[in-house]
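A short worksheet on the structure shown next.
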Amino acid sequence: MEFVLDFLSRLITQFQSPTLGFLIGGMLVAALGSNLKIPNAIYQFIVFMLLMKIGISGGIEIRQADLSAMLLPALSSIVIGIAIVLLGSFVFSLIPSVKREDGIATAGLFGAVSASTLAAAIVLLEEESILFEAWVPALYPFMDIPALILAIVLANIHLRKTSAGKESKVDVAGIVKESLRSSALSALILGLALGLFTRPDRVLETFYEPLFRGFLSILLLVMGMEAYARLNELRRVAHWYAVYAFFAPIMHGLMAFGLGYIAHLATGFSPGGVILLAVIAASNSDISGPPTLRAAIPSANPSAYIGASTSVGTPVSIAVCIPLFIALAQVVFEL
Amino acid sequence: MEFVLDFLSRLITQFQSPTLGFLIGGMLVAALGSNLKIPNAIYQFIVFMLLMKIGISGGIEIRQADLSAMLLPALSSIVIGIAIVLLGSFVFSLIPSVKREDGIATAGLFGAVSASTLAAAIVLLEEESILFEAWVPALYPFMDIPALILAIVLANIHLRKTSAGKESKVDVAGIVKESLRSSALSALILGLALGLFTRPDRVLETFYEPLFRGFLSILLLVMGMEAYARLNELRRVAHWYAVYAFFAPIMHGLMAFGLGYIAHLATGFSPGGVILLAVIAASNSDISGPPTLRAAIPSANPSAYIGASTSVGTPVSIAVCIPLFIALAQVVFEL
Amino acid sequence: MEFVLDFLSRLITQFQSPTLGFLIGGMLVAALGSNLKIPNAIYQFIVFMLLMKIGISGGIEIRQADLSAMLLPALSSIVIGIAIVLLGSFVFSLIPSVKREDGIATAGLFGAVSASTLAAAIVLLEEESILFEAWVPALYPFMDIPALILAIVLANIHLRKTSAGKESKVDVAGIVKESLRSSALSALILGLALGLFTRPDRVLETFYEPLFRGFLSILLLVMGMEAYARLNELRRVAHWYAVYAFFAPIMHGLMAFGLGYIAHLATGFSPGGVILLAVIAASNSDISGPPTLRAAIPSANPSAYIGASTSVGTPVSIAVCIPLFIALAQVVFEL
Amino acid sequence: MTLHRAEKVVIITEKMISRGVCEILEACGATGYTIVAAGGKGSRNIRMTSERASVIDEFANVKIEVIVNDKAMGEAIMDQVAEKYFADYPGITYIEDVQILRPAKFEHD
Amino acid sequence: MTLHRAEKVVIITEKMISRGVCEILEACGATGYTIVAAGGKGSRNIRMTSERASVIDEFANVKIEVIVNDKAMGEAIMDQVAEKYFADYPGITYIEDVQILRPAKFEHD
Amino acid sequence: MTLHRAEKVVIITEKMISRGVCEILEACGATGYTIVAAGGKGSRNIRMTSERASVIDEFANVKIEVIVNDKAMGEAIMDQVAEKYFADYPGITYIEDVQILRPAKFEHD
């Protein structure tokens, strides 16, 4: 009961957090038909800056980190990514009105990871002064890539069964390569490498860090505008996508919270790290996942998986999951 | 006499202010045929950032402000916006070489408000350490929207009288909606809402505020380049536009200074607030006004009203009006 | 021997400097076929920001500087620019497989100056706490313009000799004008003028300076990506271009170091200034030089001179020359 | 596959009226259209590009292309656009013969 | 100089498959092509412009033009692109008659 | 309204010579032109787009279109542009038949 009250009061505070405010502001701006626009060049640069900052910080920390402490969380990430896709594909397979490959693609996107949700969680943890290992955000690809690959493999197995015609082999190495080459993962990995192999502390402190919070606010504005804009597409597909997109992030996050808790007990994984891991799991890819899926499962309907993810999944993971997992951690770890 | 000397010495100092320097620099850059260009994406982002900062600061202040203190300045703003358009339309109607709707549209633009002039005044007041209520910039729409609407109504009444053919009704609600949806007013109102309903103090302090002065410098560069570029258009229309554009900002500002002074006596409106109100009145819309007028009064010649406003009105309101009103305030309020 | 060890240890440290890290990172990103992209609008804005910062700082310093101290370095710059072009044109004229005007254009580009190399040197000097006169970067045009003009004149003399057909006169005034109008030199001169004639100290301190290091990191990333991308073009031309592009920056820098040393003895030119002068000489124009040459020597093959400069010259001048000249200065001036 | 005759109508005008132009296209029965950002020079003697900062972005040009199966529809589009806008706004329109695959794609159901 | 008949094939489709389309063009023997960023509306009812922030940039449109000397080559390009992509991806293609200078420029050696 | 025959000349070349090309167009008597940013690939094998950071922006492509009433004027434009620039700069040019409204708009007074 107390937990519920704590969570509710936290949720109300959260609605006053500018982080969420910018997201909702973006939705309203779009809903009211405003001509406000953030230029595409700015948007792309902001995503780059956020991922570079996450990468550089992570790289610097990994340099000094006890690598064994990273093992369990990294393994958990892979397991979660795979579990989400299997689970989601299974759930969608039970719904007759959902085309098989559309369901698999959607599950793949929810297994993958969102940079904007991750960045929002980082800022909110800092606001609550909850510490975490700076390498945790670097778990991103450990969940993202296996999830996307598995979804593509499953879809192709399905398509081969139905249309014996095309003899397409799934090129796993090719998919990994394409994922790593995507602009989002490239920026993250470039940042990691710079953090690991050079001494970028000063440029991090004077440039990438101070701009992080502000750029995130604008990114959330864009995500909000996009969420509203894609609602139309979501409306044209089965409403089951919206239902899944609402509940799945919460489930996935709780699953990851559990695994993170085990890592906490086993290797002292920090409470902040557990929260971040849960948020990574709850998040769904909004930038690099969609084109990867579109290219690899061309017959899946992008309106279904992008609508579900951008219009419902991302707002839910930012507005509901982040405060939920913070509240949960405060109770569980007695912060 | 002393006032004149004070004003002149202030004007000379002003010419050393970087604010004005960037404006003049932009004009020179364009006049010398330089290939220097500020990308459009950057320009649009800067306008967004400045208006968000103004909006957020204003929203935070309104949260704590005594709303009754805002009443008189808000009313004054509406009155001034209307008065400027009536006056301007009347003045232009006396000049035979000026087409009626061109004159009305020009008056409308001078009744409306310029974000760049407003931002320049804010920076200069800070430089002089003159305080003002942070909600004063939020008076922007109170002057802007009535002025644009009135100009459009007047132009349509005129056009209906002359060509009984088209039976176009003036859609006031539509114009208000379009104004509020313009990118400039949307950004301002979004910022206000975020300041009112969320707690954006930290993102304001770490991002929007520190970048304000710098982004303004670049915006003024763009305005200077644009002012020069539009001179050609101005040359192709009656020179009365240039004459009006030179004197009108000073008149409008003095009018507003008077009303602001009354508010000062009545409700303690700050001297800085009086100056800002005068600058808002002196300024003329350069971003969102022109497209609104173009859409609503298609037969008016944009070269006339944009040339007058961008090439003469804006430089005069920044270079002449801001220092003039600061000097005036220093004498009147014994700062 | 000790110098060699010192230089080698410095070179190894340099490879950990984020400055170089970003350059190499950019090359790797491009080599691995990543889709990471920095939007063009951002790139152009960054170049503008860096040159404005260099210009404004320089202008402020020139205001207070002893102008006579600048005379010798300025003269040296002109002499070096001319010497590089004469030397390079002569060297290439000895290589039969190199078309005459291609060699001259390449020499012209290496006589001209690179803003990104210059900015990198400024940041590295600051990191090493080596002081320099803030007006030294303003020597840029004194080397850049004479070099470009001379190259164009030489090429035209050659072309007129071979094809008596076209009677084209070389329009020196026109070339100077076009150079000064290029976006790079315009930004630098605008900054200088603002520094000289206005009081931009605050906007410099709060905006242009704090962003300098960060924006440079991104510019170097772009330069690295571009260096890799242009390798293909370089491969299609004689390999002599690559050989020249590797050794020329070192030679040119050493030449300038010598002249700078004389200025040090004669007028107390600072060690940091000597290093910067050497870097300016070592650098080769990557932004404004190529279009100038392309327009003025249309028959020269841009793949030759741009490939040599962007793919080899710039990386060498940043990665080899800057640490080399710093190490040299530390030995020579016993820093 | 065989090719089928169709018409391409092109309208070059100010960005700010592009929404209105597209409404005309749809009202006339076009099944789609393509828009490209453009600069240019015409009788009003203004060069407009959308790349360089321009204080008023809406005055840049756009080029709108629409493929229609039916020449009459194409001419109707041209007439309506010219009628509604070209007295007050800059712009030109022209029509070209093209050949398409899949003609059904360009017909309303 | 005299003019020579040639064909211009136009393909309007999603940016993300532009690489694949260009590979087809080159495989069919085109000597070059031109790409322009575009927005548009079609049967999938999505408007895409590349100027405004769009979370997924690859879904904007591009317009690819290729001049070929030989109508058969033009038709082959259209067929292959439509065959390979237009079941799953949005897109249209059409062909126009044009006249060129220097026909050798458009022929493979 | 009735349609009138006209010609559309298209020139695809490097941005940096676009000013020179436009001067030729005007000297030949064109009343206007339209410019679109482009990327592409040709014999010089360079892909150029203007969206991604490119250190030398002037080397991106532009597509310039000009409508002329008079085929001879169109051919004159093509000849002069090819003559002046296409030895040293990349580029192609072609001409198409189009039909226009308001032919007076495309005639110099």
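Before moving on, here are some points about what is shown:
The first chain written gets the first letter, and so on, giving A, B, C, D, E and F; residue counts start at 1 in each chain.
We adopt the following convention: contacts are C-beta pairs under 8 Å (C-beta built on N, C-alpha and C of every residue); 3 or more make two chains touch, one makes a residue touch a chain.
On a predicted model such as this, the values are computed, not experimentally measured, just so you know.
Between chain C and chain D, the least number of touch steps comes to 2.
Between chain C and chain F, the least number of touch steps comes to 1. In this assembly, the chain whose C-alpha centre lies farthest from chain D is C. At the far end from chain A, in terms of centres built from Cα atoms, lies F. With centres taken as mean Cα positions, chain E sits 40 Å from chain C. Each chain gets one centre point, the mean of its Cα atoms, and the points for chain A and chain C are 43 Å apart.
Chain centres here are Cα averages; for chain D and chain E they lie 19 Å apart. The residues of chain B that reach two or more other chains are 37-42, 44, 210-211, listed in rising order. Touching of two or more other chains is recorded for residues 36-37, 50-51, 96-97 of chain D. Arrangement of the chains shown, judged by which pairs touch: an irregular graph that fits none of the line, ring, star or complete shapes. Every pair of chains meeting the contact definition is listed here: A-B, A-C, A-E, B-C, B-D, C-F, D-E, D-F, E-F.
Only residues 39-42, 44-45, 48, 180-183, 186-187, 190, 193-194, 197-200, 202-203, 206-208, 210-211 of chain B touch chain A when the two sit together in their complex. Considering their complex, residues 37-40, 42-44, 222-223, 225-226, 233, 286-287, 290-291, 294-295, 298-299, 302, 306, 310 of chain C touch chain F. Chain contact summary for the complex, chain F toward chain E: residues 10, 12, 36-43, 49, 51, 61, 63, 75, 78-79, 82, 86, 92-97.
Across the complex, chain E is touched by residues 1, 3, 6, 8, 22, 31-37, 50, 67, 96-102, 105 of chain D. Those residues of chain D that touch chain B in the shared complex are 16-17, 46, 50-59, 87-89.
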